[in-house]
């Protein structure tokens, strides 16, 4: 029903107050595509992590820049791009240091550094382009084992009569 | 576990009447579907037609326009349209547009509180 | 908390499938601004009417164009612009014919023509620019009689401790 | 009638301990506020500190990072952090990041089903 060439673009100020609007939009699109609630939660967190990073790391002046998001629904996946025009960073270098806390002792813990790890753990693909600013491209596949849920979602989409 | 906003219709049929429960958001994306379901039923003069709006979470001019079209069809076949369990949110739009006065409320439930539809 | 110069831009295909995403974004922004639920419902319907009109009337080819929305939060109001690049129309002329159904008999009813009436009834101001396409500018004031609700909303916004 | 997503904290104090109910979405916009509330409590070694997450609808690395910071503070003052009524959604993120193993579940409620936190 939602075709592959169409997309939604959302631009928000690089301000944490606006990230919830992005999550709500994502929720609206993803339910219509037939994603399960768990998949949608995964995407909400991953996209928020990308936005958090723009707000925390991309712009030197607080409340200056913008975050540009593009949601492109495909038949079998949702591709989400999160772009900023801020200072860039070396993703390959950074990603090497990225790790969860499973093997740590409590005194070794640091409070930060979980964002990129979570994006990678929650999405099927994470690609980062850094140059004039940063573009993070997050991809989530529509799972096929979830076919039952999706069929019933699709019913609601096409509005079939129940009962 | 489904998105409560996605529109669907629950259909209940008795010997004397049909009740459609409209569930979720009735907007432009669902208008053609809704119309295709309700119009044939509206043309049947032998049965009452009731729309239960308890779980209708959203409606705009698209859906209201279909209600108007259905009202006219019911009038033509010498029947009425019963609309029941209207939430305040939806009632407000029915009042605002003036559609309320054409709807026959269910006597026992809504007549007193909503007051004075024909 | 949400400052006056910031804004959200959303571009969707002129396709009814995507309007719910706009409503969800609006809900997210408007609750944070402290609008009451009734005011938010009013805005959801009004913005949807503007989008419906773009989809139904602006573009000759179905599924061709886009709808550009801008949400600009001010201290005392939310201003929403809905723009298309489609065929324009004479708003002043059209608005004269706009009326609700209160004084009609059932046989006089027409199924259409409620959209602009509802926008005007539900918003505090509706301005339409027509030229290369159409821009509908919808304004909703943060009501002051609703101060009690807003104060408690604002508490949640600033995250005050309850209890 | 409030947006259930807007974050706030409900605070319960007894002679022996403090329980904070985290309600709504804990994201970057609420991180500073949450930290300012929870950190002073974490430094108090004389009282237990419990976070009730029953109504926590969303958390991301921002909130999880604060949990980690609080864990460290509790460790330093020779205490633990009790986290109770964790929903599956939040549990998943605690497991994914490896934070689970540092949290002490409430014995009677979550010990068996969640299994094996230290």
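Per-chain numbering from 1; labels A, B, C and D assigned in written order.
Basically, contacts are C-beta pairs under 8 Å (C-beta built on N, C-alpha and C of every residue); 3 or more make two chains touch, one makes a residue touch a chain.
Just so you know, these numbers come straight off a predicted model, no measurement behind them.
Undergrad: Report which of C-D and A-D is connected by more C-beta pairs in contact.
TA: A-D
Undergrad: How many angstrom lie between the centres of chain B and chain D, each centre taken as the mean Cα position?
TA: Taking the average C-alpha coordinate of chain B and of chain D, the gap between them is 47 Å.
Undergrad: Using mean CA coordinates as chain centres, what's the chain A-chain B distance in Å?
TA: Centre separation, chain A to chain B: 39 Å.
Undergrad: Roughly how far is chain A from chain D, centre to centre by C-alpha average, rounded to an integer in Å?
TA: 24
Undergrad: Would you please write down the residue numbers of chain C that are in contact with two or more other chains?
TA: Residues 17, 20, 23, 27-28, 32 of chain C each touch two or more of the other chains.
Undergrad: Would you pick out the residues of chain D that each touch at least 2 other chains?
TA: Residues 5 of chain D each touch two or more of the other chains.
Undergrad: Are the chains arranged, by touching, as a line, ring, star, complete graph, or other?
TA: Drawn as a graph, the chains match no named shape, so other.
Undergrad: Which chains touch, pair by pair?
TA: The complete list of chain pairs in contact reads A-B, A-C, A-D, B-C, C-D.
Undergrad: In the complex, go through chain D and note every residue touching chain A.
TA: 5, 25, 27-29, 31, 58, 60-62, 64-66, 68-69, 71-72, 75, 89, 92-93, 96-99, 101-102
Undergrad: Would you mind writing out the residues of chain A in touch with chain C in their complex?
TA: 1-3, 6-13, 15, 17-18, 20-21, 23-25, 27-29, 32, 63
Undergrad: Touching residues of chain A toward chain D in the complex: what are they?
TA: Spelled out, the residues of chain A in touch with chain D are 16-17, 19-20, 23, 38, 41, 44-45, 48-49, 51-52, 55-56, 100-104, 106-107, 109-112, 114-115, 117-118, 121-122.
Undergrad: Any idea which chain B residues touch chain A in the complex?
TA: For chain B paired with chain A, touching residues are 1-3, 5-12, 24, 30, 33-34, 37.
Undergrad: Under the touch definition given earlier, write down the residues of chain C that touch chain D in their complex.
TA: 27-28, 31-32, 36-37, 149, 152-153, 155-163
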